[in-house]
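Two complexes come next, and they have one chain in common, chain A, joined by chain B in the first and chain C in the second.
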Partner chain A sequence: MKSRGREVVKRRSVRPFIFGVLALGLLLAVWESYRNWIGPWLGTERDVGKVLGFKLLPRANDLAMPSVFDMAREFGRPQVRGSSTNVFEAVAQATFNSLQLAIGALLIGTFVGVGAAILMSRFKVVQRGLMPYLVISQTIPLIALAPLTVTWGGQLSLFGFQWQKWTSALVLGAFLSFFPIAVGALRGFNSPPPAALELMDSYAASWWSTWRKLRLPAAIPYLTPAMRLAGSAAVFGVVVSEISVGLTDGVGYLILAYMQEGTSRPAKVFTAVAGTVVLGLAMAAVINAADRYFTRHRPPEEFA
Partner chain B sequence: MTTKIDKINETNTNKKQGEVPMQRKRLFKSLAIVAAAGLAFAACGDDEKDSSDGGDGGGLSATLCDASKGPAEKTKVKLQLQWFTQAQFAGYYAAVDQGCYAEAGLDVEILQGAVEIVPQDVLASGGADFALSWVPKALASREAGANIVNIAQVFQRSGTLQVSFKDAGITSPADFAGKKVGSWGFGNEFEIFAALGAAGLDPAADVEIVGQNFDMSGLLAGDIDAAEAMIYNEYAQVLEAKNPDTGELYTADDLNVVSYEDEGVGMLQDAIWADGDRLANDADYKATAIAFVKASLKGWAFCRDNTVICRDIVVANGPTLGSGHQLWQMNEINGLIWPSADGIGHIDQAAWDRTVEIAGNTPNLDGATVLTAPVDADAFTNEIVDAALAELKAEGVDVVGSNWKRIEVTLTEGGV
Partner chain C sequence: MTFAVEVLAVHKVFNSGRSNQVDALTDIDLQVAPGEFVSLIGPSGCGKSTLLRLIADLLEPTAGSLLVNGKAPRQARLDQDYGMAFQQAGLFEWRSVAKNIELPLELKGWDKDKRRGRAMEMLELVKLPNRADAMPWQLSGGQQQRIAIARALAAHPPLLLMDEPFGALDEMTREHMQAELLRICAATQTTVVFVTHSIPEAVYLSDRVVVMSPGPGRITEIVQVGLGRARDEGTREAVGFYEKITEVREALRGGNLGGLTNREVAGIEDR
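This part shows the complex of A and B:
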């Protein structure tokens, strides 16, 4: 019994990895074959790809679609002439910096989101009053908000703490990530069946112990997908605000900086894009690990 | 930040004079400790030799500024740039590195720009004490209610070009007729429209205005016949790219360049802007402004005479910069500043009037002009910069640069 269980776990963890690598290989193969064969063939021999005079299919040249092998070579080149750091090290460092910010943003977002959900599930009037604003808050474009946080933050000085550009990125990442958590947690807190709640009432359990012993555990399955959404929102918020407020430590800035060399080294910017992909995957891995930890005593969910 | 600047100081052969007393003091201290401990004198002798080597100054270039002359108590000043660190802002980084701000009693923090950072808005909201901005953009903010004042027109000339390949045969704005002309938009397009108007072309009918990214890939791919380019940035990007037909880098011989400055429609670009209210009501701020402009102009004068060193200072402040590209940029930025007939930073009434005229009377494709109302006389003042120039002249600093010449810069692929 035990050995079989381990085998199942093993197969579950190795298989997706293999499929993931296969899918990535397939994607790269499609990219390479389009730029080398399909694109030129469609463009030069068939003149396809134009609909009503608009070009729909991408151009297959080195500027528009650099070769995957060029991108791989870029990783090994020095970032700038004479620099001891190569592009790989620079991208890895920047990705790590961004990951730290994104995890920080997710933690803050979780804290605020769960807090808001507790308030909303405790007081119906808060839920009715707060929910519309939560929804509205997510419709504000991030790029409109980013410069504002810099301006506002620049005038703040809390307990000797000076607002920095990374603070803006952190706040914006948290701002985007708290919403799915608040909504997911609220549904989770309200999910116990009435019979269970009535049972707690019959024990004369306080609201807090009902929350701790019944509502919170019941909310875990709802929180997992919410955390996944929140994780990608945090990454998105951090990377976009790095670009718009100019945080030079992060991988978002590298995209911008390398893009400026796009005319002469078009493959370079893809190294930073790869960094953001790794950032997203790392975030997903962190959330998965957290999920495994919190659901370790639970039977596996069918739909998870 | 400080560590990077320290590193530069180590790599530069010229040392600031201000470091010598510091090092001596440190030496005396270590001497005293060593003697008291009764240890061998050999190590101490080595120390002495090292410090005298460093103190000699190398003699590679004249040190313009002396940080030790400045008062111990420094006024904190924040300067907001338009973009990330690059040689476009070398003068300010040099003024920090060479101790010019310290000499003037200032502790200057340079705030990098970004995609969403509008320097004149940061200035108006109090996030910075001074900001750099192109004149038309700052005047648009002023029209919108930001009381900001141009106190030094550092770049005397416009650096905007329209770059095309030789075979397109575009040598003047009149040749834009029937061609695909790239434009960045976002307020960077008005020189193009002014040039079209001056050449008697209708932007809507006679040319095809094509939206262009802030790079030159549209020109290389053939989507654009004549691409908008800054002489210190995008133009060099073409020269850093390989011509797929020859396998060699493109050269200036492959390209035709239309310079809007030469066509007489150049608009004033990088200038130092200050807070108008504080300038009028706060005598300390005004004194700070004079000191800041003076020290900044000293930084620029240093960069005129030390192109390579200034490039190194800039590159040390921005780890992702290609140093070949930055040397080109430093050289061409110098070309936009020097020679400055009336002294660097002095605002030329004719150039100002031309900028304001174009900003007010040249509509873009949407029919919009940069400015809708006349510009009042308070939008710029030469009072600050003239005071700074007078002090600089008294110190014997060359503020005109009539002997300045471009250095030879060889670009490499990718500008690395």
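This part shows the complex of A and C:
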């Protein structure tokens, strides 16, 4: 039984990886063939790029669409002229910095989201009162909120702790990620059937014991998809806040900085873009690992 | 003598005073002696599940009083004087079989070794000694229901309350589980109050069958089965068994004096 189970897991985890690599290869091949052959042919020989005077197809030159090989080469070049760190090191460091913030933001978001869901499932009044505000909170544009948090945070003094720009990024990442967690956890906490709740009542179990032994474990299958949403929300929140508040050591800010060199080193910005892609993938990997761990004893899909 | 369950002039009204008011139970009097096996039978809406939930203190009576083991139902629930089993086994899918049986013991604060020891005893009792580490989805429906019974009896409560526990099982498994339940109850000297839709099931299992009817929910007759305590597969073919089935069926029809047709007792199974 056990070895068979492991085999299934192995096949499931290797296949998507191979398809993922193939898909990436295909994307790069399309990019290269467009900029080298399709774009120039359509643009110069046929002149079909223009429709009613509007330019619809991107111009295939080194400025707009740098070659994949140039991008790869950029990783090895120095960060700035004469600097001892190369672009790869700079992007890797910035990506790692952002990943730490995003994971921190996800943890805080999970904590706050689960806390809010506990209150909402315990007290229906809280659910009715709080839910509309949670929904509204997610409609506030992040770009507007980010600089405000710097101002507000600067006026706080928490036991000698100084509010930093990274604190803003952390808080905004958490602000975006707590919402899907709160919604998913609430649904999960309310998912046990009446008979299961009656069973706990028949044991004279307290609300808290019922939560720990029934509602929380029953919510795990609801929390996994919520975590996936929250994970990408945390990454998005952190990267956008970095740009908005000018947090220079994150990969979001690096995109902005490398864009400035768009004319001299057009391929450079794509290294930072690659960094954000890695950031998103790393986040997904962390959440998948957590999911595997928490659902290791659950029935396989065909039994659920 | 203290009765295991004593119900005195109990009324239960749902949605009292509103347009959808339902008189679920009226004038219920019932005594269950320790060690007795009593079934509640009747068509849908006769209040048999409601009566079981009143005994379990999952609902409170509108009027009248109940005693469980000579105590108020709330106290009996707090003391975990009874175990409960439902139509759905309702095992927690994230817990192993042994861990499911240990659930009530955990809530009582037993330590780990004592819990595991009791879970193993219960697995022996329900004849699944090798499935301690299996997960619920790896068991058949009948096996899951056995684990639910083991869980209900894990803390050795003197009283077992069952709400159509075999209703979802196929006929063969059901008859087997009925025999198993009698064996387990004899071994543990447990009093049982058993809600069912099936006349043969009620007659096969019970010392007394409480026949109920709806609109408003009430007890119409109590049939003494009198087939003795020892029942086996031969019991199902005995003449006395069929006589009692007929008696319960007639009590069910006779109880519908309020102009109910046969159709309205359609919830009852003859098999």
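In the analysis below, the second predicted complex is superposed on the first by the 294 of 304 C-alpha atoms of A that agree within 3 Å, B and C clash if a C-alpha of one lies under 4 Å from a C-alpha of the other, contacts with A are read in each partner's own complex, and residues count from 1 in each chain.
Assume contacts are C-beta pairs under 8 Å (C-beta built on N, C-alpha and C of every residue); 3 or more make two chains touch, one makes a residue touch a chain.
These figures come from a predicted structure and were not determined experimentally.
On the superposed chain A, the positions of chain B and chain C stay apart, so the two partners fit side by side.
Within the superposed three-chain model, A:Ala195 lies in touch with chain C and out of touch with chain B [touch as defined at top].
After overlaying the two complexes on the shared chain, residue contacts for A:Arg265 are found with chain B alone; chain C is out of touch. Contacts of A:Ile220 after superposition on the shared chain: chain C is touched, whereas chain B is not. Of the two partner chains placed by superposition, only chain C is touched by A:Arg298; chain B is not. By the touch criterion stated above, A:Met283 is placed in contact with neither chain B nor chain C.
Applying the stated contact rule after C-alpha superposition, one finds that A:Met71 touches neither chain B nor chain C. In the superposed model, A:Ser209 lies in contact with chain C only, and not with chain B. Chain A has more of its residues touched by B than by the other of chain B and chain C.
Vertex at chain A: the C-alpha centres of chain B and chain C lie 150° apart in angle, rounded to steps of 10.
Superposition on the common chain A brings chain B within a closest Cα-Cα distance of 48 Å of chain C. Chain A residues in contact with chain B (one complex) as well as with chain C (other complex) do not exist. Remark: chain C residues 53, 56, 58, 77-78, 80, 82-84, 86-88, 90, 92-96, 103-104, 106-107, 135-137 touch chain A in the complex. Taken in their complex, chain A has these residues touching chain B: 59, 61-64, 78-83, 85, 90, 143, 146-147, 150-151, 154-155, 243-248, 253-254, 256-266, 268.
Put simply, chain B touches chain A in their complex at residues 84, 112-118, 121-122, 125-127, 214-217, 220-221, 234, 237-238, 240-242, 244, 315, 318-324, 412-416. Within the complex formed with chain C, the residues of chain A that make contact are 193, 195-196, 198-199, 201-205, 209, 213-214, 217-218, 220, 297-299, 303-304.
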